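The letters A, B, C and D name the chains in turn, as written, and every chain counts its residues from 1.
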Amino acid sequence: MTKNMVISIDIPSGLMGEDNTGNISDNIIQADFTLTFQFPKISFFFAENEKNLGIWEVLPIRLHPDGIAQTLTDFRLIEKEEIQQIIQKRSRFGHKGTYGHALLIAGSFGKMGAAILASKACLRSGAGLLTTHVPHFGYQIIQTAVPEAMASVDQHDSIFTEFPDLSHFSAIGVGPGIDQKTNTKRAINELIERSKLPLVIDADALNILAENKTWLEKLPEKSILTPHPGEFKRLVGETENSYIRIQKQIEFSKKYKVIVVLKGAFTSVSTPDGKLYFNSTGNPGMATAGSGDVLTGIILGLLAQGISSENAALAGVYMHGLSGDLAVLQNSEFSLVAGDIVKFLGKAFLSLKSGSK
Amino acid sequence: MTKNMVISIDIPSGLMGEDNTGNISDNIIQADFTLTFQFPKISFFFAENEKNLGIWEVLPIRLHPDGIAQTLTDFRLIEKEEIQQIIQKRSRFGHKGTYGHALLIAGSFGKMGAAILASKACLRSGAGLLTTHVPHFGYQIIQTAVPEAMASVDQHDSIFTEFPDLSHFSAIGVGPGIDQKTNTKRAINELIERSKLPLVIDADALNILAENKTWLEKLPEKSILTPHPGEFKRLVGETENSYIRIQKQIEFSKKYKVIVVLKGAFTSVSTPDGKLYFNSTGNPGMATAGSGDVLTGIILGLLAQGISSENAALAGVYMHGLSGDLAVLQNSEFSLVAGDIVKFLGKAFLSLKSGSK
Amino acid sequence: MTKNMVISIDIPSGLMGEDNTGNISDNIIQADFTLTFQFPKISFFFAENEKNLGIWEVLPIRLHPDGIAQTLTDFRLIEKEEIQQIIQKRSRFGHKGTYGHALLIAGSFGKMGAAILASKACLRSGAGLLTTHVPHFGYQIIQTAVPEAMASVDQHDSIFTEFPDLSHFSAIGVGPGIDQKTNTKRAINELIERSKLPLVIDADALNILAENKTWLEKLPEKSILTPHPGEFKRLVGETENSYIRIQKQIEFSKKYKVIVVLKGAFTSVSTPDGKLYFNSTGNPGMATAGSGDVLTGIILGLLAQGISSENAALAGVYMHGLSGDLAVLQNSEFSLVAGDIVKFLGKAFLSLKSGSK
Amino acid sequence: MTKNMVISIDIPSGLMGEDNTGNISDNIIQADFTLTFQFPKISFFFAENEKNLGIWEVLPIRLHPDGIAQTLTDFRLIEKEEIQQIIQKRSRFGHKGTYGHALLIAGSFGKMGAAILASKACLRSGAGLLTTHVPHFGYQIIQTAVPEAMASVDQHDSIFTEFPDLSHFSAIGVGPGIDQKTNTKRAINELIERSKLPLVIDADALNILAENKTWLEKLPEKSILTPHPGEFKRLVGETENSYIRIQKQIEFSKKYKVIVVLKGAFTSVSTPDGKLYFNSTGNPGMATAGSGDVLTGIILGLLAQGISSENAALAGVYMHGLSGDLAVLQNSEFSLVAGDIVKFLGKAFLSLKSGSK
């Protein structure tokens, strides 16, 4: 083992910028630092290359803006300027109806916290109204913990089996903590068939989809799926490496006309037109229980206001990470809990307007 | 579309200061900014004129105070100095009885948050004591969330059907989240007939009134009704525009001898003597679930202390907006939730005494 | 009505320093300000003299300390230096057993908030352990709201009817929110007979005592009663004025060998040896629901640690007011709620050590 | 009694540095201050010597580092540098699975707060996921208070009698508030026999062990026991003094191959290899209800992430004290409650990285 520090310029020798399938890892330089030119390469966002890249940083080399603009690519980094365009100042005369009415279907016996966290996140992302649908045993919990949300109560004591009239809602999210019982599967199927709105689909709802892949064809167009890598694997099968995984992600989005938010250190968002975006915010302290529920709530809240599915997914992912980045400064990577991410959403939206990241 | 910035002086050409009924909108200048002399005109407070006015600001032109005082008008702006007169320093020897005992009737199955938010707002607006009447299934929720309130529990599990002996109370509020079931209607009717105190009437209680307009005649004098535009429409029917709507508001107040708080970007408060006040505080972040419940709580809390109905309505509307204005600085327009408005009430009351707005 | 400001020196002409019984109020100067020499007079602490005194302040005139010390009086002001003697730094090797185990009996159906507030206050005043005894319907409420307290649960659903083995406890408090049902009265009687420890008795427990005055003889010596003026009247009957009321308070303390904490703007504490202390902290914002429950919790928490009844009452009253004085700076007199007093207890104890009040 | 201040240099005359068994306390100097050379002696950490030592401080006398390193000792002080080695920065690509899934078995009827406090502490110490197993009556309480935890619900209403499939978990903690009913004892026995992971064992689980000492032989290797002195006495019998007590602690650790965390002013941690560590953080304000539950949660959270039992115990004890030291600055020794220790964990982890203690 060398004692010298290894700094790679642009990219460690042997590492490809995109696909490293078949590349023998031991033959690639293991850098302590990588200083890369103008843009991070796609392979920089993959866990398996961390040992080769070390800590990486981008060095601007003054490529000509026109050159950049004319270079076509389906890969983008989600950055502040873009999100600022999506998150616009509100009109003076907006009222709670202007900002939509979200329906969140979440929680089951033992997993009611998912409903609490997603509900709070939805309300703190700007939805005008929120109805959270919970099983009967979750009624007091959600009403005590989230007074701003209305509760719709399932006839079933412990799981999701039915849903209210969908015509009242401007956005629908389903999945956090709902478990995978038979009657829940039936209700998910019915929801997919009945909904005229794109759905935000997370967690157990994704696992149910993975077991019933024929339902994928019936998903409302522009629905947003938010799998973590384990859930994604259940949907598309094993993938050899991260590069092939994002290829599958893009294919999936195109095939089913949905947005896929593949959660990870650099969350990737794929859209039906074949584009893929890597997120630039977030930190390892966010790898904590309920963090995904918060993301679902944020995306749902943005969608409810009339923001498009693509933009809600991009801004949701970015704001989730940004809020976590602000929260970790007060709470440390060890102590950060999902509720902290919700608490810092206000500061995150405020910081969007300001000059700093 | 012009590329030049349009600045209107006093008022955009073609826009009337009050009534624009029949005025063809396309023929009116669409300014980016309007700099108006000494006072905003009434039409500035209406949503439909926003596109003509752009951002407006008042330029003092040193009109003589006597001139102003001698110009009779039924329209006023609610401003800080006026509210300071209403919200006076407390006597050293006041006790909790001095500040009254409020009764709040709120909440139903699935909408208990309305009771929580209104209760907290009432207590943070200075009521000495508060009893919140809730359906049986709301019992644990209210007692856990608002320890300072006593609970009166309906014999019905999920809705409001009866009320406690009214003689103990110095102010009564009803409506947030109560739903509109048959037995609730019956209870509302009985409450109106029995109450010797003016009532604060909000939300579903207003919708019940709208369905039973003959009950309006029986409303205790100086009751305060707090409709949003949709609820107001149910009470008085469709109105062609905002100007005609405030005319109807004034008529309604005079006819039924009640105060009407018509909620909106510039909330208007009409009184039985035919006056109408526009509020000067608040922001679009307050267009969020539960915001109206908080307002009801504030007005109820002020009323309980012996402040007159007119003054409680004016100060309530102003303090609600002021608290929201302080809250939005920490939470952003997107992330502000109704509970934040409650939390900033203390700072809002403190800021009344200070030099700044 | 005079337009000139009236300043009284030492005391407004016509006002007696102590007893103003029979004094004709209209014949006494009504000052705007009173500048009094060296000490406030007893009559300064009475509500009925506020209109004569206006705002008063003490002017030190350098009376000789020996002269002061040699002047015998049964009346004292509770001041910081005295409380600092009572609230001592803890030993490095103390453990939770060192600081005692308090039993709080509080709450009934609809009044569980009293149990929450008193429990939190007790824990934040230094008790090592706390068991809160609540009716069955209060179980989930207290355990959710106050995780640091253990719950003892009554067999009765909605009221207090029995108590746990008293031998485990170092201090016992009873009364906040317990209501006055027959079985509760029976349980209070039994508690008085069985307890070998002085009791802290508040609220409904006082009202029960007032209805059963023969039980007063059986009160454990050095018990602490915390009536507000209404409750005190039920105990001793109507009193003509505040001066006569404190005479009755002193008599009561001597007769029953108890400490009486008569709550008000200047709370007075009387002890079995005939002394009476006026409190110097507190503000009108504290005239709010649950404020008394917090006081009961503080006194109980101090008593549990082995502080004497007299000192626990004096320090409890002082700390309650001091915490309220700190809380009001952040919350205003209007918005202060009882929970705020609990929250500022830590700052209040910290401020005891520092130079400022 | 002397009026002169007594300062001992290195150690008060007559006091031994380790064992004072048989030493006549009255013959030992009672210092007000002790200034000791380079290291505190073992006897400094014992309550019975506080009166002899007064306030002690360490004076560095520049002993040669090599000399220190070569002096073998089984006694160590837990200090910041050591804990910094244990608490490492997280990898960018960690996910919630990386940080493990903890199982906490805690709470019983009337003692659900223990489950809340330990759960929150576990989540704020970095566990990726947490399942808290509670009796049926504790279900709503834990789900309302700790949304980030999943709940596993016992079939028994009020106590612990069974546990979920252990194969899902990376760390298991048991004991806070579980009571000692027969069926709980049976479940503890079964847990010990079935667990392939070391257990964190606290409170009532320790008392059950003390009644069934034959089970000690079956404890999973490297389990962590966290008794306070009373619980420790039940395990090993009466000990004459603190020195003999730590000897027994070391023996116990060696015999049963477990880590023992003996809680006190200077918590001592003994390991199976015969070493003993004294903690250097903490304060008397932490002698409060629920403080031990928080410690159990912290150790469990660290263990879940894959930190070794020894290191989790050492770091847990240190972080618990450090968080309490930060919390007491805001809350005072009197007002500190266990929940405050949880709240300051984030600041404590942050402060580990910084230069200050």
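In the analysis below, a residue touches a chain if its C-beta (ideal position, glycine included) is under 8 Å from a C-beta of that chain, and two chains touch if they have at least 3 such contacts.
From a predicted model like this one, the values you see are computed outputs, not experimental measurements.
For the copy pair subunit B and subunit C, the superposing rotation over Cα atoms measures out at 90 degrees to the nearest 5.
For the pair subunit A and subunit B, the fraction of shared interface numbers is less than half, so the two copies use mostly different residues to meet. Subunit C and subunit D, compared by their mean Cα positions, are separated by 38 Å.
Between subunit A and subunit C the centroid-to-centroid distance comes to 54 Å (mean Cα coordinates, whole Å).
The set of subunit A residues touching two or more other chains comprises 140, 144. Contacts between chains, counted with the stated touch criterion, involve the pairs A-B, A-D, B-C, C-D. Subunit A meets subunit B in the complex at residues 87, 89-99, 123-130, 139-140, 143-144, 146-153, 345-350. Within the complex, the subunit A residues that touch subunit D are 47, 50, 109-114, 116-117, 137-138, 140-141, 144-145, 228-230, 264-265, 284-285, 287-291, 330-339.
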